[in-house]
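What follows is a single structure, and I will ask about it in a moment.
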Amino acid sequence: MQNDKIAELLERIRNHNPLVHSMTNVVVTNFTANGLLALGASPVMAYAKQEVADMARIAGAVVLNIGTLNETEVEAMLLAGQAANSAGVPLLFDPVGAGATPYRTNTARKIVRDTRVSILRGNAAEVANVVGQEWAIKGVDAGEGDGDIVDLAKKAAVALKTVVVITGETDIISDGKVTYAVKNGNALLTKVTGTGCLVTAVIGAFAAVESNLLIASIAALVSYGIAAETAARLKGAEGPGSFQIEFLNQLARLDGKQIRELGLFERI
Amino acid sequence: MQNDKIAELLERIRNHNPLVHSMTNVVVTNFTANGLLALGASPVMAYAKQEVADMARIAGAVVLNIGTLNETEVEAMLLAGQAANSAGVPLLFDPVGAGATPYRTNTARKIVRDTRVSILRGNAAEVANVVGQEWAIKGVDAGEGDGDIVDLAKKAAVALKTVVVITGETDIISDGKVTYAVKNGNALLTKVTGTGCLVTAVIGAFAAVESNLLIASIAALVSYGIAAETAARLKGAEGPGSFQIEFLNQLARLDGKQIRELGLFERI
Amino acid sequence: MQNDKIAELLERIRNHNPLVHSMTNVVVTNFTANGLLALGASPVMAYAKQEVADMARIAGAVVLNIGTLNETEVEAMLLAGQAANSAGVPLLFDPVGAGATPYRTNTARKIVRDTRVSILRGNAAEVANVVGQEWAIKGVDAGEGDGDIVDLAKKAAVALKTVVVITGETDIISDGKVTYAVKNGNALLTKVTGTGCLVTAVIGAFAAVESNLLIASIAALVSYGIAAETAARLKGAEGPGSFQIEFLNQLARLDGKQIRELGLFERI
């Protein structure tokens, strides 16, 4: 795994504009769609039980995000997830706020039980709660807490038979056997709502063009992190509003040269 | 039809701040409201079946957009559309993603059957699917495809007894007898989510102050296109984030002088 | 009450990052979350009846906003409001568009009847309609109208046994006995959607760290107003897009020095 590979996958996204079907929360829909467009992917959002399976089958990746879940949407998420599974479409799951309320925790566990999630992406507390480990959480945004995040990622990957991505100051990616750490990123991402949700969708875009989901995840996190670093360098001092807009610019402007110079990840 | 007329209609919007009732998708609500406010119109969004008819009756225009449709909202859209019809309020319809799934296609056809749509706005694939012509589509964003767009616009206008607006590199507006092409606009609009949805709402704002809906549509597309051109010239090189924000600025700053100098449309 | 107190409360928000549970409308979710994050609070949005009470109990403040209300959400809002009441969590209510349709007016009155609202924030027309006074309204945004706003605030506070905040060119805050006017703010706020909704959430953030709700409200309005003034001074001339982004920057950059120099309020 080299930065060259990441640059190649980014080119593939820009050449093929993979359709990423996101069933995400009402807070981040616009930012998610604009982030995917900036990167070069094609966002689509569809929530009705009458159409989610049809949309999932024609997508390059399906993303389920329970940030503002309700009964009707969860039912549709299961249909979309199962349709993605049947069609061999990568299924990503972002268990926003798992652990914050029993309903979220239980729903997250139902989703990993009733569908085959290809990639689970959350913060440490969310991932811990999905697999039934204790972890402190406040609302839906916190979740660093204590504990060994690398160990958690590995165990969760084994338990769920999936690739697990735990984002934080360092991002950990594991399929249970092989584990990587990605160092790219910037703390300003935590001052903009939906940057966690968007990264899951961006991993989806990479998973749509690369069947090795460990590689797809690393490539997405490195790309995303470099765009954030560049945006922070150019506009971070102005504040989170300017950073958010520049981050969209940088997702669009990211190129192979930047990736080769700045990509920072290692097998651990 | 002259650019002077367009400038005059823009002034009317700014003097009267027409209320545009948008029942739109969850991805573009914020951008639609901010775009309408920037232009000088008053956005309102209401979705509950208990109030949509009341809101539609006091609006200057009603916009239905099925981008993230569900059963409950479609039911409310029909109520709003019928109330708009009864009250003589222009009814706009944006059949987002018609053709992408059977549910979308069928719902779009139900809306044009059970209400009297005043203006239908979509890309070529969406319009084709509403009227039952074959057209390639991917997700909800593509839809240039092949085929004679001018012919499609005319036929759809005749079939639906409505003004049809097909947006793309060149925008085509037809009532079935008279057809116009608008050349204003910029490709960066395709890199920002919701620019198609917003243009439908902007046509609604013009339709609220001009009863000739062909003229209202042309005026809206020229105004919108010039704002996009100016934004692209000033900030396009920075990326889609900066362009999006500058586009809102330019919707607010657009004036008669720009329209007279830059408006580019012709009868075809 | 001095500007020093406001500066101290802002510091408290930044040190404690209070969780503000917003059940708000689909137009403003993203802007509300980003505004709260910029200020230093932790936003959470949850709408499902299965979890709103759990979320409300762990929140520092709960905000109900009926901008795009529907039956299901109103039911959940009542559950969240009652849970906040039982747990002693401040409950804020933003009756968006009360008076625009009977459904909104009736729902707003139901909410103040079936929960104990700690702080009601609206424009004059909305507040008047909640308490049953006549007031002109157009859609959900207007509502200056005529009438004595100070008198309305006092009467509404007495009638509802709550703190009432009426925002406008001058903001009026009253608990029925003590009444303040806040002069900070900028007219550009009216050109960005959701600035009224966000200010209610920001009052919630201050209410989470200050039990005197009159003081919390004044502190929030002064802080918000200064951020708007600074943003308008720096970027207002560019247009509402740039202003919106700079406003988020300024919510993050606001400091005690600015508050002490620019805070402008008085008891009336």
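As written, the chains take the letters A, B and C, and residue 1 is the first residue of each chain.
Keep this in mind: a residue touches a chain if its C-beta (ideal position, glycine included) is under 8 Å from a C-beta of that chain, and two chains touch if they have at least 3 such contacts.
Because the structure is a prediction, the values reported are computed rather than measured.
Mostly differing positions are employed by subunit A and subunit C in their mutual contact, as under half of the interface residue numbers are shared between these two copies.
Chain copies subunit B and subunit C are related through a rotation whose angle, from the C-alpha fit, is 120° to the nearest 5. In this assembly, the C-alpha centroid of subunit A lies 32 Å from the C-alpha centroid of subunit C. Within subunit A, contacts with two or more other chains are made by residues 26, 29-30, 244-245. Listed in rising order, the residues of subunit C touching subunit B in the complex are 25-31, 67-71, 97, 100-104, 138-142, 191-194, 238-242, 244-245. Partner subunit B is touched in their complex by these residues of subunit A: 19, 21, 26, 29-30, 33-34, 37-38, 42-48, 50-51, 54-55, 58-59, 72, 244-250, 252-253.
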